[in-house]
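The two complexes that follow have subunit A in common; it is paired with subunit B in the first and with subunit C in the second.
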Partner chain A sequence: MTRPGFVLEVDDRTPPLLVHEGLGFRLEEFPLGTRVIYPPEPVATVPDVDQAIREALLNPVDSEPLPELLFAGMKLTIAFDDLSLPLPTMKAPDIRGRIIEQVLEMAAAAGVDDVELIAALALHRRMTADELRHVVGERVFRSFYPQGKLYNFDAEDPANLAHLGTTEKGEDVEISKRAAESDLLVYVNVNLVAMDGGHKSVGVGLASYKSIKHHHNAKTMVHSRSFMDHKHSEMHSSAWRMGRLIGESVKVFQIETTLDNNVFGKPYDFLMKREWEWSVKDQAAMLGMRRGLALAPQKLRHKLFHDLRGAYGLTGINAGAVEPVHERTVRKVHEQQRVKIEGQADVMVMGVPYLGPYNVNSTMNPILAACMGLGYYFNSYLGQPVVREGGVAILYHPLDEGFNTLHHPSYVDFYEEVLAESTDPHVIGPKFEEQFATDPWYIHLYRTSNAYHGVHPFYMWYWIAHALDHLGDVIWVGGDRRAASRMGFRAASTLQDALEMASGAVGTSPSITYLHNPPHLLADVR
Partner chain B sequence: MLALEMFRSVPKTMIGKAAGGRIPMLLTGLAAPLRLVTLDTPRVEKPGWARLKVRMSGICGSDLGMLSGKTSLYFSAVVSLPFVPGHEVVGELLDDCEDLAAGTRVVVDPVLTCAARGVEPCEACRRGETNRCSRITVGDVSPGLQTGFCHDTGGGWSQQLTAHRSQLHPVPEGLSDEQALLMEPVACAVHTALRAGVRDGDRVLVSGAGAVGLFATLALRELTDAGEILVVAKHGHQRELALEFGATEVVAPKETLRRVRRTTGAFQLEPVYSSPYLLGGVDVALDAVGSKQSLETCLHATRAGGRVVLSGMPAAADLSAAWFRELDVVGTYASARGEDAFGKAADLVAHDAVARMSKTVAAYPLHRWREALDHAHSAGRLGTVKVAFDPRLS
Partner chain C sequence: MVGSFWKDTVEDVRRAKRGWRWGHRAQVPRSAEPFVPPPSRNVYPNDWSRTPAAMVAREFAQKVGLEPVFRSQVRTRVEGLDTLARLSGPVIFAANHASHLDTPLLLLSLPDEWRRRTAVAAAADYFFDTWWRAVGSSLLFNTLPIDRRGGTMSATPGEVLRDGWSLVIFPEGTRSKDGWVGQFRMGAAYLAVEQGVPVVPVAHRGTFAAMPRGAGWPARGRRQLTVRFGDPLVPAEGESVRQFAPRIRDAVARLLDEEQTDWYAALRRSVSGETPDPSGPDVAQWRRVWASTQSPDVEPGKIRAWRG
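Right after this comes the complex of A and B.
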């Protein structure tokens, strides 16, 4: 029987607790009375994945079965989430590949021969051939990639974009022309968190900057409370309006999958266990890993962590019409991640791990670390934030990994130039965003290399707009002082120092809540 | 009279050249081909010449280059050793000089042209391009491209020197000696700005924020219609001054190419075992340092068909970009009388920012020349823009 998430109150019997900090972790002794939020243990998975996929395709929600939507001579496009999901990358075979195989089998049975597969990157970096192969599987890759029928979406190719109109709020809807002109668009999601999927899949994943800028901006982001609750997220409201407009001209068959939270396989599974339940073997693994990490150079630590693959199990799959499918998905995600919490805290503590959606096989630079902590983790709530307004966020990350110039070239300029001038998302957006978004060099790198779009670092900073608006202070334990300062934050050597620094905002005896993730959790704050 | 004299010393020059970069103290100690001497006071024998009592004389980057043996031997033919250095001079006339009465406070345009040498004007001098004079080794005085490099005239690093009327510019009322001292380098900056060929709205890169770079920035801002002026500054106080002098943005040396790329939307290439460069970039780049790195930054950050201006005495550098991107590489030396550079400079040194900066001029008596040169060598790091000698100090 899976145990639900729970709230631990630190007392004098509580052992030091594990806190992630980039390419490593530490054991931290929290003050007595600290609330520690543990995610639920992995929920039950489907016994037969292939059978579950088949069931979903043949018995979709509010839609004809997939075979009935397929016919000879039709134009079929299959889009799928890119490498930013799941985190960490799933052990092969990837669930998307298994679904795509079955969709293709049904298409072949129906005589469909005009099929294209698109990695729905939006403004993310292009995936390499190996990364595409991992997602779709060897057989699909070999059948489609050499012919150019499996490719990365290019949001900067005007010849292959279609403007479908504007929403009632004047938002442009511009998506992949191939997808827009298809008789059927099948979208294969991995819904790692409640934010993913729904109308955000096509409306963002296959959209251009012209479209995305309507909801990826500071004003919208600060009013998305939270991103994990699409009914209270301005960003999602905009994506929903766009998705409905897309639905008027494109038949979308949505497939959404949910996974358990088995993010760390053996021998690293102690990272997911509750510390007082560590066996001797777990403790040995922990000590060995700690000692090894302390001695290893950064490159080796990077390789060690980034080579980890998630041993996920499929907890659910739903297919059919976008909105009802998504409702079911969200329920399933909640089942895996939701933890009820009573009341807000003065101080919220988060360990920022080595990986976020935008540094898969790459570097967690300071902007991404900030986005991971203050964007993802801070916003991972239902109801109200874990920390009260004017409270303090204490994050753990060394902020010392630097920038990957292949993947994040515009981040360097953003960090050196934009953040040097202002860290206020409302100021930097109007002044700099357009320049970065239309920079021909960034566009060139996005289209031909493996670089995130020039505007991407702005989106990371908009992500944290709500946190910046809400919090009284942000302190990084173990963080590089110059990096923290450049981002408008402060750095402390220890948790005690951080609490001392926070005392100006929250007093000397604050209530503290530590979010013990990963695995991801969703705080349902009452 | 007391004077500092530069003399020929091959061993000292060799030591300075070989080790001066690594052991800066050598340049003002063992390796300095400079000595404090007592010389006869200068005499005036030719019409149009007069004696000057030095009030202040600046230490220029070219002086430091010369003393450290970094200056190209190309210039050995246009100096006459031993000589008293110092070509940035503000002084007081000891004799009447044509229309200028004794006691007049003057600054010296150091170029020793046909007029000063008592020869028929060469073609350049006739056109007013006096800095291009072709007779700088002949005539009434010994070879020397300028006062401060010529044995016969003396130089500013002394108590007295001689100058020709064609070199003298009365100091306008209200200017301090420190401001007047800056007129010569500012006049050079005026010439640089005019040579830069800046068109309306052009993006300009100024590499270096020492005196040369700062004054060039001021002149570009005040005398041209340059759009964005990006200044490369190494030190904090230089950043602030550059902004005061008219820079749009200031960047650190290592950020230069990235920032130019960003602001111009250029493409950046990374050649093998070589420095990155841009396809695209600024319209005009001005090297105000004279190092290989600075010059290559300018060459690599300028758009095809753009202009690179050599304001500092240049070091050897890879000129591939000049050929490949068809750049106009333009030298600027001193200032020309035909463009009234000193008149314009007099206006510019009255500028509030220059007036403020002039108060930071570090003055030393002649006998503390080692300290003065040490200070000048590290001026940027020590927060100083200009170091000078004031022979009146005891």
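Right after this comes the complex of A and C.
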């Protein structure tokens, strides 16, 4: 029986609580009365994954069964989410590969020859061959990659982009030409959080900068409340308008999958347990890991964490028309992640872990750490933010991992030049975005190397625009002072110091809420 | 660098020791209590603990380990052992329950030949939920798992009695929260009626004062404990469990009264129905606890120097 998520109130019986901070974690003794939000335990998974996939493809929602959409001589494109999902990367076999195999078996049975597979990475970095192989599986990789039929989407290849028109609000819709010209576009999603999927799949994953810039900007982001609630998110509204336009010219067969929250397999499973239920073995594992990490050099710690693979189970799969499929997906995601909370707090505490969507097999630089905490965790709410307007966010992360110049070259310049001038998303957008987005060197690196698009660091900063707009102060516990200061934040050595610093904004006895994730949770704040 | 590593290590261990109450039962934060999973129904078997080899090991553990430590921490006075001289066993010892000290007190008060053939009924959900608790308590105290949640007892205690083992049962089912005697459950009476064995009532005092719930070790100062064995009760012909059970509690109450007065006075009060209620006076909780925290004075009137 899965236990639901709940709100713990720290009392004298509460042991120290686990807080993630980059390539490590600490045990924090929170002030009495602190509310701690625990996500639900992993919900039930489907008993037979392959059977569930087959069922979904043969009995789709508001659509003909997939075999009926396939015919000889057709142009079939299969797009799939890139390695930014799920987090951490799933143990092989990846669910996308298992789905794609079944889609291809049906396509082969129908005699379809013209098949291409596209990693829908929008402006993310290109995946390496190994990463692609992990996602689609060995058989699919061997059949398509050498022929160039399995490839990364290129948002900067004008010859392979198609402009489908503009929405009623004047937003350009420009997506992959191959996808746009296909008789059927099958999109395979991993819906780790409620934000993923829906019209955002094709409308963003296969779109160019020209299209994406309409919703990835400070103004839209501030009015997305929240990203996890697509009916109240400006960004999603824009993606929905674009998706409906795409739907007029492209037949999209959407496949969405939901996972449980088994993010840490053994022997790290204690990281997901409720601390007062830690066995002697769990306590020993915690102490051993803490001391081991303290001795290990940074590279080893990085390897240790980034080699972790999620032991996810499939909780549901839906296929068919985009919108009804997505509604079902969101319900399933909520079942796994939603926790009801009464009222907002003065202070919100978040532990930023080693991994976010944009540093898989890479480093969590200060901008990504800020985006993970203030972009993802802060925005993971329904209704209203966990912290009140003018409240304080206290985050844990050392902010000392530096920049990966292969993956995040434009981040370095953004950090050194743009943030040095202003940290206000509304200021830096109009002034610098165009320059970074069109820089030929960044475009070259995006297209030929494994670099994120030049504009990507701006998007990270727009992600946190709502938090910056809402919060009175942001304090990083254990954070590098210079990095925090460059981003316009402050650093503290301990939680006590941070609360002392926050007392100017929230007084000396503020209400505190700590989001105990990962695993991911969605705060339903009433 | 090395210095700070060790300092942090010590700090981590200290924090874990404090936070997870090493040496004590883990606690659940109050707000998390509704979400505690049901306790494991898994009971580790302990038939091995009544084999000759285990008996030898237990003799060693009790005589070399348990007894010296126990005697170094508390003082005891045992009364009524002559009762046992008139019995040949097996019997059920039914005692009030206020502390983890009750079991060693009872066992170590028994004559060796009785002690070696006496098992202690222990809550399966508490003492048999992990292998190391099961092994430890079986080896040291000869515990026997019983299910205190359901109404039915497992078959094992009956088998153990039939094999000639005596059994210690605390009919209250749990340790008292304030040192006074709670309701008695039917288990001891049921076993006595079913198996036709006598029940020896046992009353002890002072264990709550020495080591109440939540304490991991007896309080300083070698507190006084007293234990008194009463005359055996045998279910009468045709006497039901429901009729027999109150007799056990009355007998324990009389023994407690005897602690305060003497055998004949307690007997007379019992006959006239004036035995003080062992569940204690109906006064404020703190007064009940306060009264229980007083160790029994076995030599009233003797003037002693102040003890630390």
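Some observations on this one:
By definition in this document, the second predicted complex is superposed on the first by the 526 of 526 C-alpha atoms of A that agree within 3 Å, B and C clash if a C-alpha of one lies under 4 Å from a C-alpha of the other, contacts with A are read in each partner's own complex, and residues count from 1 in each chain.
Note that a residue touches a chain if its C-beta (ideal position, glycine included) is under 8 Å from a C-beta of that chain, and two chains touch if they have at least 3 such contacts.
If you're wondering where the values come from, they're calculated on a predicted model, not measured in any experiment.
When the two structures are aligned on the shared chain, A:L27 is found in touch with subunit C, with no touch to subunit B.
Of the two partner chains placed by superposition, only subunit C is touched by A:R290; subunit B is not. Of the two partner chains, neither subunit B nor subunit C is touched by A:D307.
Of the two partner chains placed by superposition, only subunit C is touched by A:V7; subunit B is not.
Of the two partner chains placed around the shared chain by superposition, subunit C is the only one that A:W276 touches, whereas subunit B remains out of contact. Of the two partners subunit B and subunit C, more subunit A residues are in touch with C.
In the superposed pair of complexes, A:P16 makes contact with subunit C only, with no contact to subunit B.
Chain contact summary for the complex, subunit B toward subunit A: residues 255, 258-259, 261-262, 265-268.
Subunit A meets subunit B in the complex at residues 412-413, 416-417, 435, 438-441, 444. Taken together, the subunit C residues at the contact with subunit A in this complex read 5, 8-9, 12-13, 15-16, 19-20, 26-32, 34-35, 37.
By the touch rule above, subunit A contacts subunit C in their complex via residues 3-4, 6-11, 13-16, 27, 29, 274-278, 283, 286-287, 290-291, 294-295.
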